[in-house]
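Below are two complexes that have chain A in common, paired first with chain B and then with chain C.
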Partner chain A sequence: MRLAEETFLTDDFVRQLSNVGEVDILVGLPTHNNAKTIGSIVKTIQSGILRWFPRERAVIINADGGSRDGTPELVTGISIDDVRRGSDLHALRTLHSISTKYAPSPASQAALRTILSAAELLQAKACIVMSPESCSVEGEWISRLLQPIRNDGFDLVTPTYRRHKFEGLLITNLLYPMIRALYGLRIREPYAHEFGFSGRLASEFLSQNSWDDGAGGSGIELRFTLAAIRAGHPICQSFLGQKDHVEQRGSDLVPALRETVGPLFSALEPDFQVWSAVAGSQPLPTIGPDHEVLLDPVRVNRKRLRAMFSAGVAELTTVFQSILSPPTLAGLQKVAQSGEDDFEYSAELWVKTVYEFATSYHKSVINRDHIIQALAPLFRGRVLAFLIEHRNGSAEDVENAIESLCLEFERLKPYLLQMWKSRE
Partner chain B sequence: MREMIVSELSQAVQELAKGFAHYLPRLIVMLILAFAGWVVAYVVKAILRSILRLIKFDRLSENAGASQLLTKAALPSATEVVSRFVFWVVWFGFILIGVSVLGILGLQEQIGKFFFFLPRLFIALLILFFGLLAASFFSRAALLAAVNANVPSPRVLSLGVRSIIIVFVLSIVFEELGIAEETMLVAFGIGFGALMLGLAIAFGIGGRDLARRFLERRFVHPKKDENEDEFSPL
Partner chain C sequence: MIWTIVQEESPLPINQDVLWYKDAIIYQVHVRTFYDSNGDGIGDFQGLENKLGYLQQLGINAIWLMPFFPSPLRDDGYDIADYTAVHSSYGTLDDFRKLLDSAHSRGIRIIIEMVLNHTSDQHPWFQESRSSRDNPRRDWYVWSDTDNRYKGTRIIFLDTEKSNWAWDPISKSYYWHRFFSHQPDLNYDDPAVREQMWKVMSFWLEMGVDAFRLDAVPYLVEREGTNCENLPETHLILKDLRRRLDEQFPGRMLLAEANQWPADLRPYFGDGDEFHMAFHFPLMPRMFMGLKLEDRKPITEILQQTPEIPPSCQWSLFLRNHDELTLEMVTDMERDYMYDSYAEDKTMRLNLGIRRRLAPLLDNDRRRIELMNGMLMSLPGTPIIYYGDEIGMGDNINLGDRNGVRTPMQWSGGWNGGFSNAEPDRLYAPLIQNPVYGYPAVNVLAQVGSGHSLLHWMRRIIEVRRSTAVFGRGSIEFLHPANHRILAYIRRLGNEFVLVVNNLSGAAQAVELDLRRYKGNVPIEMFGKNIFPRVGDLPYLLTLGPYQFYWFRLRRI
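On to the complex of A and B.
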């Protein structure tokens, strides 16, 4: 272990890790005030390890960001006997649970760094990170994320979920198609809070990632995925089931854009040699279906979305003049003026918008965070168009639309390259 | 009588010629200095223009909102304006040095004052430029935050932020230049106070509903229809 990582971890945590010795499996749990859900998640993890990996040496590492609701105590307090009781599971090895406070306030970067450092120190062969917010975790998820690493030699396992057709639209309308077009890999969930990885990838990312880049560590999970793609590590997907969270964070669009689109746009700069040489895209080996769509009827406040999109286009014209080309801006203004019946934010216009934003981000035409914030109202417009188009759409219709959007991203990639190279 | 007139005239001509002969070398020195100054100013202008182009000063100026002001005033680009300004300042400085060589009484002091004033002028211009940059940054940040929070009249808010910063920056600039310091101080105090009072009254009267809605959102559970489109984007 390098000195930087040793000094990053607290003495007490290093001492606890030393007592554990080497492990085969490491489960990372980044938490912050998750007392409501953490108990059941830890029990599920323990039962998953007992059922699927009874002979492996395993440890649960809780990286806590200053919880005040007793979350760390809950993690370390749950005995393996509680899980064994009432089931036919038997542990052949000791299952350790260690909790450490990495900072007084939550920071996803520091949390992942703690988990990766622990994995390196314990020489873990296979690791997973679990979200502390999921209320639909099953023991089988442990197996589905770990088996491809333990048995099939993959270095990264990203999840796929059963989702509502209008859930995760930032992923389906931007992250997935753009990463697919640029890096050539069809990763359905590039920004996941549950994923598996090898000890090798953990060590590599730990040594190569710039941990003090001043970005505040937002979107570290996406940067982890992109690093694995960039280095050519074998990646696969594994279907977990329904994605469900205790708290829906729908209104936090700007932070979501900062966590995802920001790291993606900033990765394009150092990765130019990688993505500029890629043409087309390849599917990934997938265990189970690569997606499942729920079609429950939902009520959507389209008026509010429409108002926020139109107001955004009208009020931010001066900002968009710095970011977008005149034809794209004119196209957006036309969409903003159209009525609800003929409201259409086409795939081509959306892709050009995103690519021009990426180029402007690269050229730093204005402050980069302002560029990310300016994308929010336009994304709302795209969401509205998607909602209107697929209000009564079947799962197949929605999947076809996402696929055709992906192809549009791939088709217009030369447009991005041209702008990237030439735009002043 | 005639001889006297001729003698006085020749004496006057001689004195004039003597005086001219006395000033001629100084005049030549002044002209040489003016010419050398023009050359130096031209070289400085060319170098400065290249540096400003290299650091993309025009884009910086665009971000600061200075370019829009220049366009409205039918002036060339910010790089060109700064280069030309420096050219004239340098050349004018050389000309003044040349004039001081002539030894005209009373002018020396004024020239000294000019050179004493130059650093303050540059600092004031620097403050003005970075002030405009800050005003542009914070007004855009306010505009984006207001648009994304669905706050009514985001442009008014943004303009308010810009105006407050510009008023503040201008007061510092005038203080640095030493122009009507007391007047500026009083004017700033009155202007800033009036602005704050106006905002307080406007928020007090016009923002009652907004404050009520904010408090309701903060402390009362949101209505269902407000969260209808709250899908998780991730």
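On to the complex of A and C.
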């Protein structure tokens, strides 16, 4: 039952919120069928609050997308006494855990909107969102994401992780370097599922974000980060350690691109005045290391990647002719014809590919979603090249390569501006 | 004269119910602090007797008198030098008898202190005991050639004492003391001591004293390898005193001072054959904590941990008393929180506690003072009001030890606050003089004349509390509304139900109470007697202003 037409939250949820009252700390937990992991995550959150913030008024808000595996019941059913038992933790206060369903289907936009709305109604001073899929979450994460907001005046805290050198390649090869080049801030994890933010940022984003912009709600976390950058909010990074997670999201590349590259390309248009004025980039204040790299051997089906890249370049030539400049397309076709031993998708060619896609997206040369889809085979090619180049690389080699790529994005930014303006 | 404006009540007979203490409202006062009738700067029995009309009007029906025995007064009289006499500063034994009779004639019982555990080092018993190892009273105290015995025993007065043993240069041995070193512990392993202390108690009981507050009872017996607290041997001694009391003085009462956790306190009630009442020490700091946190959790948690007690027994509740707000019965984290919340200024801290009065602790916020008194009067137990708190008296943290909360009662804005005709320099302690709490601003006379005063409000709440036995004798059932800032409970005695709803928050609150078990009842607000909507199937919605509380009589009409 809704309060009124324009009201997003249910009456029941508002009633639960009124029982919680004003809080200092809000932990948002978006879920959808996370029964396998959610119990231990809630206990870890509770113990983190008890250990690091025993005096603060805190609440755990579960925004659930209609789980059928009892996830909300698990969230609300875990007693703080379970956490205290067998530990030296003691609770001064009541710690509420409340749950609400936001929509019949999972949608990160609705979940975050629910959490931000709760934060505003409860006048939360500091908030975090935690991923329901993490297997390695530790109580200290709560502190590391909240303390910079509570104590140091930051409005957004993004995480950094200990990652395998081939993990998160979409972030290291596209999102991180492109956001760094365009917006001038070196945010290692701009698209995070664990992050901290101030109540002020929550309220601002809640009121300014277009919640019905037809983007399907994808990539809301990235839009949140970009909104913080755009408004000039103080941002920092905090190292959380290793992140293991249960794979629940589809591992298909195209949905991942829609969630990340789509919102990024979309933001470039309204943010033009912001990013066009930025030159170079600045490191962020970072608590702990800004990255750590694991080097365990991993199995990668390079042949399949190679085949998908080549097939994509061949089959989508017509599409690419609309999106890419002739030199760039020619370069890609040359790469597609090369053998595995001399396969090289250079940083320069990759950056130009991405920038030309962004410009085409801006001009809507074809359906925007088709543009995003068309990037998929090319990204696979870039990944293949990265894997080949660094299969024996050390952590330092990989980090140097990422840094070089970032600098290439920064060096070619005038190229993007030139295209952007010439096609106006 | 102040008391002439207080209308005298007609004499009331003493209630003969043996469970009288369950219905009591106890007023704690030191004779020295209340009223000086002879102009020597020290309150006395005659002065207290003169003020009984005030107390009767306040509505209390028992007075707990702090130690008034001959004493060197190095611990505010808890260092007794003679158990069967009164300190000359306060008057004579006849004056005490007169006070006792006058109080009884007004329906007010008298509870006196009995310090069983230790005496003053000036007591003749100790002087004899230390005089030689062959003295017949040598074993009346705990002596040792070494200070290594009973190592597992904590030190209570951490700020002043380094050991529980003190060297006596006269007898060249160590004596045991759980409190100050000038307060040697009596040796209850000696039958002569036990007999002597019963004789002392009988002396006062025969005079007509209604009850004893037995001081420091957990520490009577020492045993190697234990923490020397709450030992079975101690309970046997206390049960023996109770047996004698019941046999020879039925209807009299024993109140235990044992600053312990609820589970450790429970044995002091025995099977209804040890103490009639005991202070609930852990509850008091948690009431303050719950108020500051705006969260009922500390209060409900400690009361849920509180074991059932025999039907004839009763908890004794208090907000403040003559000692520091003790934080012994809280966790380290809770203690830190309490210090930061209520005693940021370190001079307010003493031992493991906070040496402040009620009003300053609550920032002189009338709403919070009322709420705390509302809880005091409605939670299960017999409430104790510390003298002066009924008018919101302040404290003086510049006075040493706990003397800052033991300043003269403020009767008026006149000479010495109406306490004494003596020269101000002769008063046993200076009056509170600061602009907020000083006697010109806070005094009985002014509050008698103001219908909205705290004093009038206290009279009213005591009147309402005494209008039903349910608060003193009823059971309690906590409600668990989702709003944690609301502390709600049902008090029940037979077919009588009272719903209590407290808002611990400084902001207005809405709360939905699950009262389906009381469907059909009409809540009648007990102060204004107004009827509220009948309880139905739906959650019962109430809104409460900041720190507001309601008492509803539930009537099935």
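By our rule, the second predicted complex is superposed on the first by the 413 of 424 C-alpha atoms of A that agree within 3 Å, B and C clash if a C-alpha of one lies under 4 Å from a C-alpha of the other, contacts with A are read in each partner's own complex, and residues count from 1 in each chain.
Heads up, the rule we're going with is that a residue touches a chain if its C-beta (ideal position, glycine included) is under 8 Å from a C-beta of that chain, and two chains touch if they have at least 3 such contacts.
Being a predicted model, the structure only gives us computed values, none of them experimental.
By the touch criterion defined above, A:256 reaches chain B but does not reach chain C. Contacts of A:310 after superposition on the shared chain: neither chain B nor chain C is touched. Look at A:198: by the touch rule set out above, it reaches neither chain B nor chain C. Of the two partners chain B and chain C, more residues of chain A are touched by B. Judged by the touch definition given at the top, the superposed model places A:47 against neither chain B nor chain C.
Contacts of A:19 after superposition: chain C is touched, whereas chain B is not reached.
Touch criterion not met for A:134: it reaches neither chain B nor chain C. Residue contacts after overlaying the shared chain place A:108 against neither chain B nor chain C.
Look at A:374: by the touch rule set out above, it reaches chain B but stays clear of chain C.
For chain A in complex with chain C, the residues that touch the partner chain are 15-16, 18-22, 54-55, 57, 90-94, 96. Of all residues in chain A, only 164, 166-171, 191, 245, 248-251, 253-254, 256-257, 259-260, 298-302, 304-305, 307-308, 311-312, 315-316, 319, 322, 365-367, 370, 373-374, 376-377, 379, 383 touch chain B in the complex they form. On the side of chain C, the complex with chain A involves touching residues 289, 293-298, 331, 333-334, 337, 481-485, 505, 507, 509-512. Taken together, the chain B residues at the contact with chain A in this complex read 59, 62-63, 137, 140-141, 143-145, 147-148, 150, 154-155, 225-234.
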